[in-house]
Each structure stands twice: as C-alpha cells, then as structure tokens.
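Both complexes shown next keep subunit A, but they swap its partner, so subunit B is in the first and subunit C is in the second.
Up next is the complex of A and B:
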C-alpha cells in the first residue's frame, strides 16, 4: 500500500534530474560572480556608481519584461503538453523563443552602443564586470534557446505526450534559470546604488 | 573483437606503452638531477631530459588516444574502420617521426637541431612542450588529418552515438588547437598568450572531451548500464568542462602582460574546473554501483574508477590549490605546479589510456579478459603506480610550499638556488617514489605476459 502511495506522490523536481545538477552548477557560477561583484563594488563605490549611470536602463527593463514573458510562455507550453496538446505546446515554445530572440536583439543594440563608444573589458573595473557578467548571461540565453529549439524539434516529431514530457519540463527548467539569473543580474548591475 | 579492423589499436597501444617506459626513465634521470646536478652531464643535461620527459608523455598519450579511437569507433559505429591500411601507415610515420625527434633531442645540441631542420624558414621551436622541430610539427598535422579523415569517415557513414560524436569533437579540437603552435609572434606577450591556446585548451579543454568519452565507453561495456543514462551524464560533464575550461584559460594570463581583468575571469572560471571532474567521479561510481553485470575484467573496472578519482584529485583539487590569482601570485612556477602537473596528467590522461588498454587489449588478444594471474598483477601495478604517484605529488607539494615560503613569502626571501638546496630531502623522497612508479610500470608490462587460469564468465 505504501509503495503505491509513493508512486502517486508528485515528483520533487520537474524535468530530468541531470538538468538540475547543471542548473545548480550554473547558479553556483553566477553566485560566485555576484559575490565577487559585490565585494569589488564595496571597494570602488564611487567608480561603480558613476559608470552605472551610463548603462541603458530602459533597454534593460525591456529585456527583463521580455524574459519574464518568455518564461511564462514556456510555462504555458508545459501545461499544453500536460493536456496532450502538442501543437499548442509548440506554439508556446515558439513564443518563448521569440522572447529570447528579442532579448538578444536588444542586448546587441546595447553592446554595439557601448563598443562604438570604445568601451571594452579593460576600460575599468565596473565595465569589466558589466561586460563579463552580461555576456556570460547572453551566452546562456543562446544555450537556453538551443535547448528550447531541440525540444521544439522533438515535440514536432511527436516525442512528447501527456504521459511522457520530461524533455519539455527539462528545457523549461533551464529556461527559468536563465530568466532567474537575469532577474538578479539586472537590478544588481543596472539599478542598485 | 566485433570488427577485425579494431585490431590496429594494438600497434598503437604497444607503442604507447613503450614510449611510456621511456618517459618514466627520463623522469627518473631528471629526478636524480634535481639532487645530483651533474648526473649524466654532459651527455643528458637537465633541460634535454626534461624535454624528452614531457614530449614523450604527449606523444605516447596521442598514440593512446588514437589507438583508443581506432578500437572504440568501429564498434560504436557498427562498421569496419574506413581504412585500416591508412591507420597502419600513419602509425609507422608517427612512430618514426617521433623517434627521430627524440633522437634529435638527445644526439644533437638543440640549436643545431633547429638549423638542421631548417627552423628559420618557419620558426616554431624553442617553446616549452612545443620544442618539436617544425617538420615534426608538420608531420603531426599530417598524421592528425589522416587520422581524423579515417575515423571521421567511419563515424559519419556508420551508427552515430553520443560517445563517438563527443570523441570526434575532442579529437578535431585537439588538431585545431595544435595549429596555434605554428603561430610564433615576436611579441613575447602574444607568444605566451597563444602558446596557452595549445597547452591549456588541450589539457583543460578538448582532451577532457576525449577522456570523458573513453571513460563513458568503457563504463558502458563493463557495467551494462543503459546508454541513455551514461550519455546524459556525458552531456553535462562536457558542458561544464567547456564552460569552465575555455574561459579558465585566463588563469595562465595573470602575470604575462595581459590586461588585469584576466585575474578575475581566470580565477572565477578556473575555480569551477574541478566540478566536471567531481561529476565524473560521481558518475563513474554511480554507474558501477548500478551495474547490470559483473564484468570478468576487474582490472579495467578498477582503472576506470581510479581514473575518475585521480583526475578529480590531480586536475581538480591540486589545480584549484593554486589557481586563484592571489595564491598564484606566490606559487606561480614553483614545485606546486610540478605537483599538480604530475598528478593531473597521470590521473586524467595516463589512467584513461591505461583503462582503454586494460579493457581492449585482452579482447584484441582473443579473450574477454586477461587471465586471473595477469589481472592480479595488473591490479598490483595499478596500486604501485597510483600510490607512488600520490607520494610524488605530496612530496612535490611540500617542496612547493616550502619553496614558496622561503623564496617569496618570508620576511627575508632567499634566492632560487639557495632555496633549492634546502628542498633536497623532499627531492630525494620524490625520486624514491618515482623509482617505485617505474617498478610498478615494469610489473604492469609483465602482467601482459603472465600465464594463469582463464577467467570464468557467464555470457548473457
């Protein structure tokens, strides 16, 4: 009887356990980076405050909204596949991907603005952290989109159903991590003074 | 052996082990020269012995990787090797070129070797680990291209598995990054910068892919665990290895004249490099615990687990020990580096090649596993070599910390040679451990010839 009970208990983590190892490590990487940023900021408060003002907060805010909406779309995709609706799942994933694409475009605009002003990793400590943190996150958005794309392709081939959709949850979990990191990164680097 | 052409691996493995012996002999000579500076002088000066020791290591590991690929790929791809003949021809070219190069190091003064091989046409010599004459480097590229063509055609026309694709990616990366050895700018900062593109991106980048895929292959074979489970781990391990390892190159850029942001990027990313190695350890033990069968080749299982543990210790822990910029500021280029180098190379790359040999060699000799006596001896040799390597590492670590303190940290820093004299005890101990390693290696070789009761196994 108890065995049956444990079988019907909800799973602790959605998606594949392996992706959670990966997410954990990614969060560790960003966590270390955030702590280092905080320490360096506390030692150079004036410099950080001065150059923080040069960042484009409007684009940053737009990007935050894009990623949050995109995460929402991916949640809808998971719900769709739980209801066995493959087509709807694929559409929501496309919507999620569109959000990611929008993020990348706005980020590219932001970078080209900074680069054309002659700003690089070596300009000063603040820009070093701003560029390396956001670019590292940028690469994660790209990776997250590749994962979502792989899920789309598999979904179209009919690999997922209401009973078997771990892959969709796995991709969604990773995408939420990418979103979560940005939600911390944006205020930390762009706003908090 | 499922496919006849897998047999070419045997040549490569025998050559690898032969060169391994040479490497350890020169290691032992050098170890003695640390405490008896004029030992074998002027026939084999320290710098030559060092060059031979490190170059032989790289060459025999390359033989090991190629042999492993030739054994693994036909079986994974479910077809014969594209061209076994090409594999054999390349073997002899590589062996002869390698042997001539080593003889060149030993018989001719290095500057004269550079003249003889017309280094001035395309100067690439004179840099640590990349000392090979330019023509040898060109030879390596040709052999690598032929090798990649051969296995690439086999993989692409056969069954594609995650293991073969990861292995192929690693091997292509190995060849691509070697091309930076031809780039030799006059600016010494740029020179060092791109030099690391070969050295670091090999051992802390693409070689890790090779290692992970070889390990995964052997684990599938000896445990019978589902491929899907193993592939999943493989993906995550290589993703982490690449994320941490690529930007982790920065830990070599602290003090060579590059911008100082590398101290941050290098410290943060290389501090994460132990994680994929730790995952490899978890992965190996997990898979062996979940095994569906007890493979008769116990030695191979032991080598596989040993690889995971020793790679984590040597590459992961000992690397982390001196990777942070504030620590490295003091320890840079001391015996701490030598300690890390020894255990990392042994734990990660020597052991993974020996794992493959241990698994494949009996099969190529028509058995499922070596006989009981042979396996027993091989297991003894595993412990002899592994434990003596642990001691080599520990002694060098102590030497390194004493050196760092006396030479760079104490209130009255002493000069290099004055400090070296005070490390003699530790160097003697290291040499003793090195001799035990050599004995372990001889026992390992002897195990291939030992006769005994054939192992029993139940075919599923």
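Up next is the complex of A and C:
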C-alpha cells in the first residue's frame, strides 16, 4: 500500500498542536539526559565499558524490534481511519498496544534480573544512569499506552472517522516519540563502547 | 511532484538496521568505526520515524528544523563525547 503526498504548501502537523509542544519538551529532557550520559561515560570509560557487558543486549534488541513494529502498527491505524475503516483502525491500535505490552514485559524481566542480583540505583554511576534513563523511558511507554488505550475506547464508540481523526493522529505522534527516543537510547546504553 | 513511499518497506529497513546495530556490537569490540556505524544507523532510523511514521514530511520548516535539529545535536554530542574520551 503506498501513500501519495503532493509537495505544495506546508502540511499541518498531524494531531493536536498541544501534543507537539509536549513532544518537544520530552525530547528536550531526553536529549539532555542522553548528552549527560555520553559525557559521564567519557569520564568513566572503564566503569561504563565493564558494567555495560552485564546488560542483556538481546533483550534490548528484541525491545527495539518490538517498539519499531508497534510504531508501524500505529501508522497502519492512522491510515485505516483515514480510509474510514474504524474496525481496522482499532485492530491496528490493539496490535500497537500488544507491542508496547511486550516491551514492558521484557523490560520487567530485565529489571528483575538486575534487582535480584542486588543491583540498584546506588550500586555505581553506570547503573544509576542505566536504571534512571531506562526507567524514565519505561514510564513514557506506559503513558503512551494509556493514550493509545484512550484512543481505542473513543474509536470503538464511533468518535473517529475519515473526516475527524485528530485524536488518533495525536496518540500516534506521542507513541512515535516514545519509539524515537528508544532508537537513540538502545545503541547509546547497550552497544556503544 | 507526487511523492510515494511504502510504509512496509520502511518498517523492514528499520528492523534490518536494528539487527545490523546488534551485530556490529556483538562482532566488534567497540571503537570509533563501530560507534560511527551505530550512530549513523540510529540517525537513519530516527529520520524514518520523524519523516514517515510521524509524517512530518511536508510540514512547515520550523517543525522539521526542531525535530531534525534535536536529532543532529544529540547524535553529534554523543559522537563528540565518544571521540573526546579516546
């Protein structure tokens, strides 16, 4: 299925303008977090390289594949509602939520492994950054899923159609931001050494 | 000029770039080249998300400048911090 776009006057941002200011603010916070992590790493290379090896890179990769796929499902939901197909829109939103649920489950497995080994925020600088950064993102995944859930409920009540689907685009935009920051977080924390 | 893009292909490309990033991390022992590959792969995926998932292709310059500016500053900062630490 291809999507056609004409390149004339600028398009409007998809969804509510308000969500975009919220997205920009979140990106600013995550951006600062990433840069502080990179600077801290450059000042504690041995520590970061040593303890990075204790991270479960496979779970991190699986989570990246899940979040990208979940984002793709949500794009399909937006395309479906633009075609006035509410059922397919709801179906793809559920698929997106399933991807998010999978992400949270794998993350919980990863954390329980660390906590049961006695690792916590106070263990050392690396773990403090790893746990606080990924937990901060975890909370955003939860918030993003609550937003998508609200969209599903409204969609099932018939609130959206081809002529009126701003809410779907709003939820989708936030969810894509959650995916976008993980795309940077995964290589930065799990792989770069 | 009409632009067509295939959202399914974009998804597949992003999945493959993720697998590549993972294997770059597994086979190599780190170092400048692998870090630059990782940052490039992350930047490409981020551009695809911003442009085609978020659908910011064709919105006004200000919004695109904010998003791509953010991405550039973050990726460059990570790269510079890494190079400085060598």
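Definition applied: the second predicted complex is superposed on the first by the 183 of 193 C-alpha atoms of A that agree within 3 Å, B and C clash if a C-alpha of one lies under 4 Å from a C-alpha of the other, contacts with A are read in each partner's own complex, and residues count from 1 in each chain.
Note that a residue touches a chain if its C-beta (ideal position, glycine included) is under 8 Å from a C-beta of that chain, and two chains touch if they have at least 3 such contacts.
Everything numeric here is computed off the predicted structure, so don't read it as measured data.
> Could you check whether subunit B and subunit C clash or fit when both are placed on subunit A?
By the criteria stated at the top, subunit C and subunit B fit after superposition, with no clash.
> Roughly what angle, nearest 10 degrees, sits at the C-alpha centre of subunit A between those of subunit B and subunit C?
About 120 degrees between subunit B and subunit C, seen from subunit A.
> Counting only touches as set out at the top, which of subunit B and subunit C does A:18 meet: first, second, both, neither?
Only subunit B; A:18 stays clear of subunit C.
> Between subunit B and subunit C, whom does A:65 touch in the aligned arrangement: first, second, both, or neither?
It touches subunit C, and subunit B stays clear.
> Under the stated touch criterion, which partner chain does A:49 make contact with: subunit B (first), subunit C (second), both, or neither?
After superposition on chain A, A:49 lies in contact with subunit C alone.
> Taking the superposition on A as described, I'd like to know which of subunit B and subunit C A:128 touches: first, second, both or neither.
A:128 contacts subunit B only, not subunit C.
> Looking only at subunit A, is it subunit B or subunit C that touches more of its residues?
Partner touching more subunit A residues in the overlay: C.
> Taking the superposition on A as described, I'd like to know which of subunit B and subunit C A:29 touches: first, second, both or neither.
Touch status of A:29: first partner only.
> By the touch definition at the top of the document, which applies to A:109: first (subunit B), second (subunit C), both, or neither?
Neither: A:109 stays clear of subunit B and subunit C.
> With both complexes overlaid on chain A, what's the closest CA-to-CA approach of subunit B to subunit C, in Å?
16
> Kindly list the residues of subunit A that each of subunit B and subunit C touches, one partner per complex.
In the superposed arrangement, which is not itself an observed complex, subunit A uses residues 28 for both subunit B and subunit C.
> Which of the residues in subunit C come into contact with subunit A in the complex?
Residue list for subunit C touching subunit A: 1-8, 10-11, 14-15, 18-19, 21-22, 24-26, 29-30, 35, 38-39, 41-42, 45-46, 49-50, 52-61, 63, 66-67, 70, 73-75, 77-78, 81-82, 84-85.
> Show me the residue ranges of subunit B that touch subunit A in the complex, using the header's touch definition.
It comes out as residues 232-233, 235-236, 239-240, 243-244, 259-261, 264-265, 268-269, 271-272, 275, 279.
> Can you tell me which positions in subunit A touch subunit C when the two form their complex?
Residues in contact with subunit C: 1-7, 10-14, 20, 24, 27-28, 31, 34-35, 38-39, 41-43, 45, 49, 57-58, 61, 64-65, 68-69, 71-72, 74-76, 78-79, 173, 176-177, 179-180, 183-184, 186-188, 190-193.
> Per the contact definition, I'd like the list of subunit A residues that touch subunit B in the complex.
Contact set of subunit A toward subunit B: 16, 18-19, 21-22, 25, 28-29, 32-33, 36, 121-122, 128-129, 132.
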